[in-house]
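Structure record follows, encoded as C-alpha coordinates.
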Amino acid sequence: MYRMNRMKAVYFAWVRERIGKSDEEIDPPEYVTTVGELIGWLAARGEEYAYAFEKPSVIRTAIDRKHVRHDAKFAGAREVAFFPPMTGG
Amino acid sequence: MYRMNRMKAVYFAWVRERIGKSDEEIDPPEYVTTVGELIGWLAARGEEYAYAFEKPSVIRTAIDRKHVRHDAKFAGAREVAFFPPMTGG
Amino acid sequence: MATVRIQSEDFDAAAEAAALTADRKDVGAVVTFTGLCRDEAGRLATLELEHYPGMAEEEIERVAAEAEKRWPLMGVTAIHRYGKIEPGGNIVLVVTASAHRQAAFEAAEFLMDFLKTRAPFWKKEHNRDGTSGEWVSAKDADDAAADRWLQGNK
Amino acid sequence: MATVRIQSEDFDAAAEAAALTADRKDVGAVVTFTGLCRDEAGRLATLELEHYPGMAEEEIERVAAEAEKRWPLMGVTAIHRYGKIEPGGNIVLVVTASAHRQAAFEAAEFLMDFLKTRAPFWKKEHNRDGTSGEWVSAKDADDAAADRWLQGNK
(Lines give C-alpha, C1' and ligand atoms only; values in the text may rest on other atoms or scores of the structure.)
Protein backbone atom coordinates (compact mmCIF):
# COMPACT_ATOMS: atom_id res chain seq x y z
CA MET A 1 0.00 0.00 0.00
CA TYR A 2 1.33 3.46 -0.93
CA ARG A 3 2.18 5.57 2.11
CA MET A 4 2.23 9.39 1.84
CA ASN A 5 4.15 9.80 5.09
CA ARG A 6 7.24 7.81 4.27
CA MET A 7 10.17 10.21 4.29
CA LYS A 8 13.77 10.79 5.25
CA ALA A 9 14.52 12.40 8.61
CA VAL A 10 17.90 14.13 8.94
CA TYR A 11 19.58 15.31 12.12
CA PHE A 12 22.40 17.77 12.72
CA ALA A 13 24.82 18.85 15.46
CA TRP A 14 23.79 17.78 18.97
CA VAL A 15 20.43 16.46 17.74
CA ARG A 16 22.39 14.04 15.53
CA GLU A 17 24.81 13.19 18.35
CA ARG A 18 22.05 12.50 20.86
CA ILE A 19 20.03 10.33 18.49
CA GLY A 20 23.21 8.60 17.34
CA LYS A 21 22.53 8.74 13.63
CA SER A 22 22.54 11.41 10.94
CA ASP A 23 19.50 10.24 9.02
CA GLU A 24 16.90 7.51 8.73
CA GLU A 25 13.71 6.59 6.93
CA ILE A 26 10.65 7.29 9.02
CA ASP A 27 7.02 6.38 8.51
CA PRO A 28 4.88 8.33 10.95
CA PRO A 29 1.19 7.46 11.41
CA GLU A 30 -1.42 9.49 9.60
CA TYR A 31 -2.58 11.44 12.64
CA VAL A 32 0.87 13.10 12.77
CA THR A 33 0.64 16.02 10.33
CA THR A 34 2.88 18.90 11.50
CA VAL A 35 6.63 18.90 12.12
CA GLY A 36 5.86 19.84 15.72
CA GLU A 37 3.76 16.68 16.09
CA LEU A 38 6.53 14.77 14.35
CA ILE A 39 8.95 15.92 17.06
CA GLY A 40 6.54 14.57 19.70
CA TRP A 41 6.19 11.25 17.87
CA LEU A 42 9.96 10.90 17.39
CA ALA A 43 10.62 11.75 21.06
CA ALA A 44 8.59 8.67 22.02
CA ARG A 45 10.76 6.30 19.97
CA GLY A 46 13.33 5.78 22.72
CA GLU A 47 15.66 7.32 25.25
CA GLU A 48 18.05 8.83 22.72
CA TYR A 49 15.15 10.52 20.90
CA ALA A 50 13.63 11.72 24.17
CA TYR A 51 17.01 13.27 25.03
CA ALA A 52 17.41 14.92 21.61
CA PHE A 53 13.93 16.37 21.71
CA GLU A 54 13.67 17.11 25.44
CA LYS A 55 13.16 20.83 24.71
CA PRO A 56 11.08 20.91 21.54
CA SER A 57 11.00 24.71 21.49
CA VAL A 58 14.74 24.97 20.76
CA ILE A 59 14.57 22.54 17.82
CA ARG A 60 14.63 24.15 14.38
CA THR A 61 13.06 22.34 11.46
CA ALA A 62 13.27 22.31 7.68
CA ILE A 63 11.12 20.61 5.07
CA ASP A 64 12.88 19.78 1.83
CA ARG A 65 15.69 22.17 2.76
CA LYS A 66 13.56 25.16 3.63
CA HIS A 67 13.12 26.53 7.13
CA VAL A 68 9.63 25.92 8.51
CA ARG A 69 7.91 26.58 11.80
CA HIS A 70 6.68 23.77 14.01
CA ASP A 71 3.11 24.27 12.82
CA ALA A 72 4.06 23.51 9.20
CA LYS A 73 2.42 20.43 7.68
CA PHE A 74 4.84 17.96 6.13
CA ALA A 75 2.51 16.09 3.77
CA GLY A 76 4.40 15.34 0.56
CA ALA A 77 7.82 16.07 2.09
CA ARG A 78 10.77 13.95 1.00
CA GLU A 79 13.13 15.19 3.70
CA VAL A 80 12.46 16.66 7.13
CA ALA A 81 15.39 18.05 9.11
CA PHE A 82 15.84 18.67 12.85
CA PHE A 83 18.67 20.75 14.26
CA PRO A 84 19.68 23.26 16.96
CA PRO A 85 19.67 27.01 16.30
CA MET A 86 22.32 27.75 13.71
CA THR A 87 25.75 29.12 14.61
CA GLY A 88 27.43 29.71 11.27
CA GLY A 89 28.95 32.91 9.99
CA MET B 1 57.14 96.14 14.63
CA TYR B 2 55.99 92.62 15.48
CA ARG B 3 52.65 91.76 13.90
CA MET B 4 50.51 88.97 15.39
CA ASN B 5 48.33 88.73 12.31
CA ARG B 6 50.95 87.85 9.74
CA MET B 7 50.16 84.37 8.48
CA LYS B 8 49.98 82.07 5.51
CA ALA B 9 46.66 81.75 3.66
CA VAL B 10 46.18 78.55 1.63
CA TYR B 11 43.50 77.88 -0.95
CA PHE B 12 42.22 74.64 -2.44
CA ALA B 13 40.11 73.38 -5.36
CA TRP B 14 37.95 76.07 -6.98
CA VAL B 15 38.85 78.62 -4.32
CA ARG B 16 42.48 78.21 -5.42
CA GLU B 17 41.53 78.32 -9.11
CA ARG B 18 39.43 81.46 -8.76
CA ILE B 19 42.06 83.35 -6.75
CA GLY B 20 44.76 82.09 -9.07
CA LYS B 21 47.24 81.04 -6.43
CA SER B 22 47.57 78.22 -3.93
CA ASP B 23 48.97 80.23 -1.02
CA GLU B 24 50.25 83.62 0.02
CA GLU B 25 51.38 85.58 3.04
CA ILE B 26 48.63 87.84 4.37
CA ASP B 27 48.68 90.55 7.00
CA PRO B 28 45.12 91.47 7.91
CA PRO B 29 44.41 94.56 10.04
CA GLU B 30 43.83 94.13 13.74
CA TYR B 31 40.06 94.69 13.62
CA VAL B 32 39.80 91.42 11.62
CA THR B 33 39.69 88.69 14.24
CA THR B 34 37.57 85.72 13.03
CA VAL B 35 38.04 83.59 9.91
CA GLY B 36 34.60 84.80 8.78
CA GLU B 37 35.82 88.40 8.95
CA LEU B 38 38.98 87.32 7.18
CA ILE B 39 36.85 86.01 4.29
CA GLY B 40 35.16 89.42 4.08
CA TRP B 41 38.51 91.20 4.13
CA LEU B 42 40.02 88.90 1.50
CA ALA B 43 36.94 89.27 -0.74
CA ALA B 44 37.65 92.99 -0.95
CA ARG B 45 41.19 92.47 -2.27
CA GLY B 46 40.14 92.26 -5.90
CA GLU B 47 37.88 90.68 -8.48
CA GLU B 48 39.38 87.21 -8.24
CA TYR B 49 38.95 87.19 -4.46
CA ALA B 50 35.41 88.55 -4.72
CA TYR B 51 34.63 85.67 -7.11
CA ALA B 52 36.23 83.03 -4.87
CA PHE B 53 34.37 84.27 -1.81
CA GLU B 54 31.09 85.31 -3.46
CA LYS B 55 29.18 82.84 -1.29
CA PRO B 56 30.94 82.90 2.07
CA SER B 57 28.55 80.34 3.57
CA VAL B 58 29.88 77.54 1.34
CA ILE B 59 33.53 78.21 2.21
CA ARG B 60 35.07 75.81 4.71
CA THR B 61 37.96 76.95 6.85
CA ALA B 62 40.82 75.44 8.82
CA ILE B 63 43.30 76.99 11.24
CA ASP B 64 46.64 75.25 11.45
CA ARG B 65 45.16 72.18 9.74
CA LYS B 66 42.10 71.83 11.96
CA HIS B 67 38.54 72.46 10.80
CA VAL B 68 37.05 75.58 12.37
CA ARG B 69 33.79 77.46 12.01
CA HIS B 70 33.62 80.97 10.62
CA ASP B 71 33.29 82.44 14.10
CA ALA B 72 36.66 81.01 15.18
CA LYS B 73 39.32 83.57 16.10
CA PHE B 74 42.61 83.13 14.26
CA ALA B 75 44.94 85.04 16.61
CA GLY B 76 48.26 83.17 16.73
CA ALA B 77 47.53 81.07 13.66
CA ARG B 78 50.38 80.25 11.32
CA GLU B 79 48.21 78.92 8.51
CA VAL B 80 44.59 79.61 7.61
CA ALA B 81 42.97 77.53 4.86
CA PHE B 82 39.94 78.22 2.65
CA PHE B 83 38.30 75.55 0.55
CA PRO B 84 34.98 74.20 -0.77
CA PRO B 85 33.10 71.40 1.00
CA MET B 86 35.19 68.26 0.79
CA THR B 87 34.51 65.51 -1.72
CA GLY B 88 37.02 62.80 -0.86
CA GLY B 89 36.31 59.19 -0.06
CA MET C 1 23.26 36.78 -9.80
CA ALA C 2 25.12 35.97 -6.61
CA THR C 3 28.06 33.61 -6.36
CA VAL C 4 27.59 31.24 -3.43
CA ARG C 5 30.01 28.50 -2.48
CA ILE C 6 30.13 26.04 0.41
CA GLN C 7 33.57 24.50 0.67
CA SER C 8 36.09 23.01 3.06
CA GLU C 9 39.05 24.67 1.31
CA ASP C 10 40.21 28.15 2.24
CA PHE C 11 39.18 31.13 0.11
CA ASP C 12 41.05 34.13 -1.25
CA ALA C 13 39.12 37.26 -0.26
CA ALA C 14 41.17 39.51 -2.52
CA ALA C 15 40.62 37.35 -5.60
CA GLU C 16 36.88 37.18 -4.93
CA ALA C 17 36.67 40.96 -4.51
CA ALA C 18 38.72 41.50 -7.67
CA ALA C 19 36.41 39.18 -9.61
CA LEU C 20 33.44 41.44 -8.82
CA THR C 21 35.08 44.54 -10.29
CA ALA C 22 37.03 42.96 -13.17
CA ASP C 23 36.39 44.61 -16.53
CA ARG C 24 33.83 47.05 -15.24
CA LYS C 25 34.03 50.72 -14.39
CA ASP C 26 30.66 51.39 -12.82
CA VAL C 27 31.44 49.98 -9.38
CA GLY C 28 32.11 52.70 -6.81
CA ALA C 29 32.17 50.68 -3.60
CA VAL C 30 33.25 47.19 -2.57
CA VAL C 31 32.73 45.89 0.95
CA THR C 32 34.47 42.70 2.01
CA PHE C 33 33.63 40.96 5.27
CA THR C 34 35.84 38.13 6.49
CA GLY C 35 34.87 36.09 9.53
CA LEU C 36 37.78 34.36 11.22
CA CYS C 37 38.23 31.67 13.86
CA ARG C 38 39.29 33.15 17.22
CA ASP C 39 41.39 31.12 19.65
CA GLU C 40 39.23 32.28 22.61
CA ALA C 41 42.20 33.44 24.66
CA GLY C 42 44.23 30.34 23.80
CA ARG C 43 41.59 27.82 24.89
CA LEU C 44 40.49 26.71 21.42
CA ALA C 45 42.47 24.17 19.35
CA THR C 46 40.05 23.72 16.44
CA LEU C 47 36.60 24.75 15.41
CA GLU C 48 34.57 22.09 13.63
CA LEU C 49 31.84 23.30 11.33
CA GLU C 50 29.00 20.94 10.48
CA HIS C 51 26.58 21.92 7.73
CA TYR C 52 23.47 20.70 5.97
CA PRO C 53 24.71 19.94 2.45
CA GLY C 54 22.43 21.31 -0.21
CA MET C 55 20.35 23.41 2.14
CA ALA C 56 23.35 25.53 3.18
CA GLU C 57 23.92 26.62 -0.40
CA GLU C 58 20.24 27.09 -1.17
CA GLU C 59 19.58 29.12 1.96
CA ILE C 60 22.50 31.49 1.35
CA GLU C 61 21.34 31.87 -2.25
CA ARG C 62 17.91 32.84 -0.95
CA VAL C 63 19.42 35.43 1.40
CA ALA C 64 21.66 36.78 -1.40
CA ALA C 65 18.67 37.04 -3.77
CA GLU C 66 16.81 39.01 -1.11
CA ALA C 67 19.79 41.37 -0.75
CA GLU C 68 19.85 41.88 -4.52
CA LYS C 69 16.17 42.76 -4.39
CA ARG C 70 16.67 45.29 -1.59
CA TRP C 71 19.82 47.07 -2.81
CA PRO C 72 21.14 48.03 -6.27
CA LEU C 73 24.08 45.63 -6.20
CA MET C 74 26.52 44.99 -9.03
CA GLY C 75 27.86 41.83 -7.47
CA VAL C 76 27.49 39.57 -4.43
CA THR C 77 29.75 36.73 -3.36
CA ALA C 78 29.26 34.58 -0.27
CA ILE C 79 31.54 31.71 0.68
CA HIS C 80 31.16 29.60 3.82
CA ARG C 81 33.64 26.93 4.86
CA TYR C 82 32.88 23.70 6.69
CA GLY C 83 35.06 21.12 8.40
CA LYS C 84 37.92 21.79 10.81
CA ILE C 85 39.27 25.31 11.03
CA GLU C 86 42.19 26.46 13.17
CA PRO C 87 42.35 29.74 15.08
CA GLY C 88 43.31 32.53 12.72
CA GLY C 89 41.71 30.69 9.80
CA ASN C 90 38.95 31.98 7.57
CA ILE C 91 35.34 30.88 8.15
CA VAL C 92 33.13 33.04 6.00
CA LEU C 93 33.43 35.66 3.28
CA VAL C 94 30.87 38.14 2.00
CA VAL C 95 31.68 40.62 -0.77
CA THR C 96 29.26 43.21 -2.11
CA ALA C 97 29.77 45.68 -4.94
CA SER C 98 27.61 48.69 -5.75
CA ALA C 99 27.81 52.17 -7.26
CA HIS C 100 27.55 53.69 -3.79
CA ARG C 101 28.93 52.84 -0.41
CA GLN C 102 25.72 52.72 1.61
CA ALA C 103 24.21 49.93 -0.50
CA ALA C 104 27.44 47.92 -0.35
CA PHE C 105 27.75 48.30 3.44
CA GLU C 106 24.11 47.59 4.23
CA ALA C 107 23.90 44.58 1.92
CA ALA C 108 27.05 43.06 3.45
CA GLU C 109 25.68 43.51 6.98
CA PHE C 110 22.31 42.11 5.93
CA LEU C 111 23.97 39.04 4.40
CA MET C 112 26.04 38.39 7.50
CA ASP C 113 23.11 38.86 9.87
CA PHE C 114 20.94 36.37 7.97
CA LEU C 115 23.75 34.00 7.25
CA LYS C 116 24.34 33.78 11.02
CA THR C 117 20.73 33.00 11.84
CA ARG C 118 19.48 31.13 8.75
CA ALA C 119 22.38 29.29 7.10
CA PRO C 120 22.44 25.69 8.43
CA PHE C 121 25.89 25.58 10.01
CA TRP C 122 26.83 24.52 13.52
CA LYS C 123 30.11 25.10 15.32
CA LYS C 124 31.67 22.65 17.73
CA GLU C 125 34.70 23.59 19.79
CA HIS C 126 37.68 21.33 20.33
CA ASN C 127 39.85 22.56 23.17
CA ARG C 128 43.61 22.60 23.58
CA ASP C 129 43.33 20.60 26.80
CA GLY C 130 41.95 17.72 24.73
CA THR C 131 38.37 18.00 25.93
CA SER C 132 35.99 17.84 23.11
CA GLY C 133 34.03 20.74 23.25
CA GLU C 134 30.62 22.09 23.37
CA TRP C 135 28.44 23.01 20.49
CA VAL C 136 28.47 26.80 20.31
CA SER C 137 25.18 28.30 21.47
CA ALA C 138 23.23 30.63 19.25
CA LYS C 139 23.23 34.22 20.46
CA ASP C 140 20.14 36.30 21.09
CA ALA C 141 22.16 39.25 19.78
CA ASP C 142 22.38 37.54 16.39
CA ASP C 143 18.62 37.04 16.24
CA ALA C 144 18.15 40.68 17.18
CA ALA C 145 20.59 41.73 14.45
CA ALA C 146 18.62 39.79 11.85
CA ASP C 147 15.27 41.01 13.16
CA ARG C 148 16.13 44.68 12.65
CA TRP C 149 15.96 44.13 8.88
CA LEU C 150 12.47 42.65 9.15
CA GLN C 151 11.15 45.47 11.24
CA GLY C 152 12.51 48.07 8.86
CA ASN C 153 14.03 49.95 11.77
CA LYS C 154 17.43 50.38 10.21
CA MET D 1 47.07 52.77 16.74
CA ALA D 2 45.68 53.35 13.30
CA THR D 3 47.71 53.19 10.11
CA VAL D 4 46.92 56.20 7.93
CA ARG D 5 48.54 56.89 4.56
CA ILE D 6 47.99 59.56 1.93
CA GLN D 7 49.63 58.55 -1.32
CA SER D 8 49.43 58.85 -5.09
CA GLU D 9 50.40 55.20 -5.66
CA ASP D 10 47.81 52.44 -5.74
CA PHE D 11 47.23 50.27 -2.66
CA ASP D 12 46.81 46.55 -2.14
CA ALA D 13 43.63 46.01 -0.12
CA ALA D 14 44.39 42.33 0.49
CA ALA D 15 47.88 43.00 1.82
CA GLU D 16 46.57 45.73 4.14
CA ALA D 17 43.82 43.44 5.47
CA ALA D 18 46.31 40.60 5.94
CA ALA D 19 48.64 42.91 7.89
CA LEU D 20 45.90 43.54 10.46
CA THR D 21 45.42 39.84 11.25
CA ALA D 22 49.01 38.63 10.86
CA ASP D 23 50.29 36.66 13.85
CA ARG D 24 47.17 37.11 15.91
CA LYS D 25 44.28 34.79 16.63
CA ASP D 26 41.86 37.02 18.47
CA VAL D 27 40.43 38.78 15.42
CA GLY D 28 36.99 37.48 14.49
CA ALA D 29 35.92 40.00 11.88
CA VAL D 30 37.64 42.07 9.21
CA VAL D 31 35.73 44.59 7.12
CA THR D 32 37.38 46.08 4.05
CA PHE D 33 35.88 49.00 2.18
CA THR D 34 37.31 49.99 -1.18
CA GLY D 35 36.11 53.11 -2.97
CA LEU D 36 36.69 53.09 -6.71
CA CYS D 37 36.54 55.62 -9.53
CA ARG D 38 33.40 55.18 -11.67
CA ASP D 39 33.40 56.14 -15.35
CA GLU D 40 29.97 57.82 -14.99
CA ALA D 41 28.45 55.91 -17.91
CA GLY D 42 31.53 56.43 -20.07
CA ARG D 43 31.67 60.21 -19.66
CA LEU D 44 34.67 60.36 -17.32
CA ALA D 45 38.26 60.09 -18.54
CA THR D 46 40.10 60.84 -15.30
CA LEU D 47 39.35 61.93 -11.79
CA GLU D 48 41.83 64.37 -10.29
CA LEU D 49 42.10 64.41 -6.52
CA GLU D 50 43.51 67.48 -4.83
CA HIS D 51 44.32 67.33 -1.14
CA TYR D 52 45.62 69.48 1.69
CA PRO D 53 48.99 67.90 2.50
CA GLY D 54 49.52 67.42 6.19
CA MET D 55 45.97 68.16 7.18
CA ALA D 56 44.61 65.22 5.16
CA GLU D 57 46.71 62.78 7.18
CA GLU D 58 46.06 64.51 10.51
CA GLU D 59 42.31 64.72 9.96
CA ILE D 60 41.99 61.03 9.03
CA GLU D 61 44.12 60.16 12.06
CA ARG D 62 41.71 62.13 14.24
CA VAL D 63 38.72 60.28 12.76
CA ALA D 64 40.48 56.92 13.20
CA ALA D 65 41.33 57.75 16.82
CA GLU D 66 37.66 58.56 17.44
CA ALA D 67 36.65 55.20 15.91
CA GLU D 68 39.13 53.43 18.19
CA LYS D 69 37.55 55.18 21.16
CA ARG D 70 34.02 54.19 20.16
CA TRP D 71 34.57 50.53 19.19
CA PRO D 72 36.85 47.77 20.52
CA LEU D 73 39.04 47.57 17.43
CA MET D 74 42.12 45.42 16.98
CA GLY D 75 43.29 47.32 13.94
CA VAL D 76 42.38 50.21 11.66
CA THR D 77 43.94 51.12 8.33
CA ALA D 78 42.89 54.04 6.14
CA ILE D 79 44.58 54.92 2.86
CA HIS D 80 43.49 57.77 0.58
CA ARG D 81 45.02 58.40 -2.82
CA TYR D 82 45.52 61.77 -4.52
CA GLY D 83 46.43 62.77 -8.06
CA LYS D 84 44.95 61.41 -11.27
CA ILE D 85 42.88 58.23 -11.06
CA GLU D 86 41.32 56.42 -14.00
CA PRO D 87 37.87 54.78 -13.98
CA GLY D 88 38.09 51.40 -12.30
CA GLY D 89 41.02 52.58 -10.17
CA ASN D 90 41.16 52.61 -6.38
CA ILE D 91 40.54 55.86 -4.48
CA VAL D 92 40.20 54.97 -0.83
CA LEU D 93 40.63 52.00 1.48
CA VAL D 94 39.38 51.43 5.00
CA VAL D 95 40.06 48.21 6.90
CA THR D 96 38.82 47.48 10.41
CA ALA D 97 39.47 44.42 12.56
CA SER D 98 37.63 43.43 15.72
CA ALA D 99 36.60 40.38 17.73
CA HIS D 100 33.01 40.79 16.52
CA ARG D 101 31.41 41.77 13.27
CA GLN D 102 29.21 44.62 14.46
CA ALA D 103 32.14 46.69 15.71
CA ALA D 104 34.10 46.08 12.51
CA PHE D 105 31.15 47.03 10.28
CA GLU D 106 30.12 50.11 12.25
CA ALA D 107 33.66 51.44 12.59
CA ALA D 108 34.27 51.04 8.84
CA GLU D 109 31.05 52.92 8.02
CA PHE D 110 31.88 55.61 10.56
CA LEU D 111 35.34 56.07 9.06
CA MET D 112 33.98 56.36 5.53
CA ASP D 113 31.22 58.78 6.54
CA PHE D 114 33.65 61.12 8.28
CA LEU D 115 36.37 60.70 5.72
CA LYS D 116 33.90 61.89 3.08
CA THR D 117 32.88 64.99 4.99
CA ARG D 118 36.03 65.91 6.95
CA ALA D 119 39.12 64.73 5.06
CA PRO D 120 40.41 67.63 2.93
CA PHE D 121 40.18 66.11 -0.55
CA TRP D 122 38.47 67.55 -3.63
CA LYS D 123 37.60 65.76 -6.84
CA LYS D 124 37.75 67.34 -10.28
CA GLU D 125 36.39 65.55 -13.30
CA HIS D 126 38.15 65.42 -16.66
CA ASN D 127 35.81 64.26 -19.40
CA ARG D 128 36.40 62.01 -22.38
CA ASP D 129 35.24 64.74 -24.74
CA GLY D 130 38.22 66.81 -23.63
CA THR D 131 36.29 69.32 -21.57
CA SER D 132 37.89 69.88 -18.26
CA GLY D 133 35.47 69.20 -15.82
CA GLU D 134 33.69 70.47 -12.89
CA TRP D 135 34.69 70.14 -9.31
CA VAL D 136 32.46 67.47 -7.82
CA SER D 137 29.85 68.96 -5.49
CA ALA D 138 29.53 67.77 -1.92
CA LYS D 139 26.38 65.79 -1.29
CA ASP D 140 23.85 66.56 1.41
CA ALA D 141 23.45 62.79 1.77
CA ASP D 142 27.07 62.56 2.89
CA ASP D 143 26.57 65.20 5.55
CA ALA D 144 23.47 63.37 6.73
CA ALA D 145 25.41 60.09 6.87
CA ALA D 146 28.06 61.70 9.07
CA ASP D 147 25.49 63.46 11.23
CA ARG D 148 23.76 60.23 12.26
CA TRP D 149 26.84 59.29 14.32
CA LEU D 150 26.71 62.61 16.18
CA GLN D 151 23.07 62.32 17.04
CA GLY D 152 23.54 58.81 18.35
CA ASN D 153 20.57 57.61 16.31
CA LYS D 154 22.32 54.58 14.89
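Which chain is which? They are A, B, C and D, in the order written, and residues in each are numbered from 1.
Just so we're on the same page, a contact is a pair of C-beta atoms (placed from the backbone, for glycine too) under 8 Å apart; a residue touches a chain by one contact, two chains touch by 3 or more.
What you see is a predicted model; the values in this text were computed from it and never measured.
Asker: Which chain lies the greatest distance away from chain C when centres are computed from Cα atoms alone?
Answerer: Computed centres place B farthest from chain C.
Asker: When the C-alpha atoms of chain B and chain C are each averaged to a single point, how far apart are the two points in Å?
Answerer: Going by mean C-alpha positions, chain B sits 49 Å from chain C.
Asker: Just give me the whole-number Å value for how far the CA centre of chain A lies from that of chain C.
Answerer: 27
Asker: Can you compute the centre-to-centre distance for chain C and chain D, using the mean CA position of each chain? Integer Å is fine.
Answerer: 23
Asker: Taking each chain's centre as the mean of its CA atoms, how far is chain A from chain B in angstrom?
Answerer: That pair's centroid distance is 73 Å.
Asker: If you look at chain D, which of its residues touch at least two other chains?
Answerer: In chain D, 35, 101, 112 touch at least two other chains.
Asker: Out of chain A, which residues touch more than one other chain, so two or more?
Answerer: 89 - these are the residues of chain A that touch more than one other chain.
Asker: Could you please write down every pair of chains that are in touch?
Answerer: A-C, B-D, C-D
Asker: Residue numbers of chain C touching chain A in their complex, please.
Answerer: Where chain C meets chain A, its residues are 35, 49-52, 54-56, 58-59, 80, 91-92, 112, 115-124, 135-138, 142.
Asker: Which residues of chain C touch chain D in the complex?
Answerer: Of all residues in chain C, those touching chain D are 13-14, 17, 21, 24-39, 41, 87-88, 99, 101-102, 104-105, 108-109, 112, 145.
Asker: Spell out the part of chain B that touches chain D in their complex, as residue ranges.
Answerer: Residue positions touching the partner: 10, 12-14, 16, 62, 65-67, 81, 83-89.
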